[in-house]
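Following are the structures in question.
Look at the two complexes coming up: subunit A is in both, with subunit B in one and subunit C in the other.
The block that comes next holds the complex of A and B.
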């Protein structure tokens, strides 16, 4: 996917890395939908994630992390009043549920 | 929806929704069994609970995928739960709580599978009537069991005696089992018991002294027994002696370890109430329910400084008793004096003394408009029930030879916390409702009267926070309903008994306001009368729902009004005849007739 070339926008984006090493660069605002990521990025000093703006999820597979990122953006739209459905395929519900549970989403 | 707030909304909640959308969706994720073992138990529990609630568990074998993760399972009232289900549940290694209450198909051979469940701490077998003394032996093998409900099962004294081997029990519910004094005596080894329910048993004054052997017992229910005298039990904080004849409670006083907090004496016969209450240390009692009991004066309240919840409905109390309520009243939050002999004078005594009163029930008393000015002096009120009283909502005041019409309901606007107001079956007319528009914070309003019309409904449009509106038996016309602009927050509109409305108006209204749940005899889902279902036993509830269900969809409801013009109908309303509407009743089974009949009568 994308790499860290966009240094200018580094402040506003975060990099989420899946178990397989795929990197997802998304808006910080979107990532903050997750309470867990929010804590990691905002807690003073504690996490290395805070400095580098990147979080690795060794437990979350690439397709699930992709779905999670889609949800972050959907959730932002939804809370700003746009009423659409977020479709979840039955096959991935359990994997996604566990990831969402871990991310407090 | 289920009750876990943390699982509603959010991605986790959406995943559970998607996973349990249909039996087919379950089948699709079920193929990847390995994932379930990693699932945190509370998610597994929530998932299984939803599958059961939605009735999409097609085969008991599906339970197997949860066997390593589920910790709590509630199957209450599921009639399909049988031996096969239990065979799978028996393998749930981590299960701590299992609720099988009302599972009618569960029998002795089904609970055989429970015997190896060493982690089980809580088991509810209430009303599994097929379980007998022979079956309870399987439960005895679960030595870690702490809470056991076996009320209204087929158990007898012989089976109950066996339970004494479950040394870890702290809760034992034996309600409805006719155990004897001897059986109770054999339970005295269960010294960890904190909660003991013995309602409807055969224990007597001879057997109750054994209760002193339970040092931790804090909850005791001996309602519907022959017990008339209860010895002093120092650790009791909650006592239920409803429907007993009470001569004395806590005779032979000893040292206090825990003060009595709650006392239930519904329907009890007090031989001498003053004497009974003079023995008990009531200074810490916060909750007293003596509705329908023989109590007719409340002198004993003098010592109850801490009382918060007082139910004296259906007692013969009169205005004379009110001074005791007023004296004890500072902390009072809940007062039910419905169906008593109270009048407005009594309410006058209360005013100013019950500053913390939040809930006041005065239904079916002789209270009239005068009382409204006193009720307005109770600043904390949130719920007021004045149904079936003599409230008219208007009065005439003399001013300079002229009679001036006033509307005392306007006084209620002083009550800034008022959320729920019930004026059903009063004499309130359209114009008297007008002052209510100042009750901006009102969330529920119950009206039921044929004195109300289109005008009132339109007045009610301006209640911005109204969520529930009952507007029953009113002379509401089709156009009146269609012109009604519902308040934004409104989610339920109960129009039962508004007999002028025609079927097609409902669909138009629902199209205009899809967020509102409309209730009427002609709308598909026929509601249960809340007043009837509230507080009744679950058995009774099941019966009610089944009646209602068949009533709603049997197709026998013939709308006779279509034949008539509006003028005819108005004429009909005044005449007492109800024969045309009763047409078609003969086809109905017996038990339906009564409810149907009453429906029709309220309808015309």
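The block that comes next holds the complex of A and C.
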């Protein structure tokens, strides 16, 4: 079965797992917006994450991790010239900033 | 644009265009979940409308960042009920 899209192959995606065990499957190029994840995925041999294409974040809650994934995709579109705003609910700002700091995002 | 396809505790971020059909999305999902498109059903969560294979996302008002529920065909040939887990039910209070 051909899909004709290079970004739909399983190897082109990465699975991020939140503190509560929720899974977010996103394109690798979106995940690479985070310098921390980029290092994990590209460092030679170092991380088990590199082989399995999956990264667990026991410190990051599900709503925050989802927001971060939304940010990755927003960032891809923004860097390609589409200027839209990224909305952040005030009540999650602190937690989100702490996660973003950890992820170098 | 992208949509968020959700089932149980998993969310698939799928990059797509407003001109993509529902079938296009199912074929992208097929690569991720190893199940053919005719065993997948997609429902726009905001309106609870089942998406039609031949129609485009734009025609069905599926916009950027939309949440779409994925359900799969069960052994008895029927589709399962929509189930998207909520993080609140899994919070640890340690």
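Note that the second predicted complex is superposed on the first by the 97 of 105 C-alpha atoms of A that agree within 3 Å, B and C clash if a C-alpha of one lies under 4 Å from a C-alpha of the other, contacts with A are read in each partner's own complex, and residues count from 1 in each chain.
By our rule, a residue touches a chain if its C-beta (ideal position, glycine included) is under 8 Å from a C-beta of that chain, and two chains touch if they have at least 3 such contacts.
What you see is a predicted model; the values in this text were computed from it and never measured.
Room for both subunit B and subunit C is found when the two structures are superposed via subunit A, with no clash between them. Contacts of A:80 after superposition on the shared chain: neither subunit B nor subunit C is touched.
Counting the residues of subunit A that each partner touches, subunit B and subunit C differ, and the larger count belongs to C.
In the superposition on chain A, A:71 makes contact with subunit B only, not with subunit C.
Of the two partner chains placed by the overlay, only subunit B lies in contact with A:105; subunit C stays clear of it.
Within the superposed three-chain model, A:21 lies in touch with subunit C and out of touch with subunit B [touch as defined at top]. In the superposition on chain A, contact is made by A:95 with subunit B only, not with subunit C.
The gap separating subunit B from subunit C at its narrowest, counted between C-alpha atoms of the superposed chains, is 13 angstrom.
Against subunit A, the residues of subunit B that register as touching in their complex are 10-12, 14-16, 18-19, 21, 24-26, 28-29, 32, 35-36, 38-40, 43, 47.
Those residues of subunit C that touch subunit A in the shared complex are 1-2, 4, 9-13, 15, 27-28, 30-32, 36, 65, 85, 87, 90-92.
Considering their complex, residues 68, 71, 75, 86-98, 100-101, 103, 105 of subunit A touch subunit B. Residues 1, 3, 5, 7-10, 13, 18-27, 30, 61-63, 66, 69-70, 73, 77 of subunit A touch subunit C in their complex.
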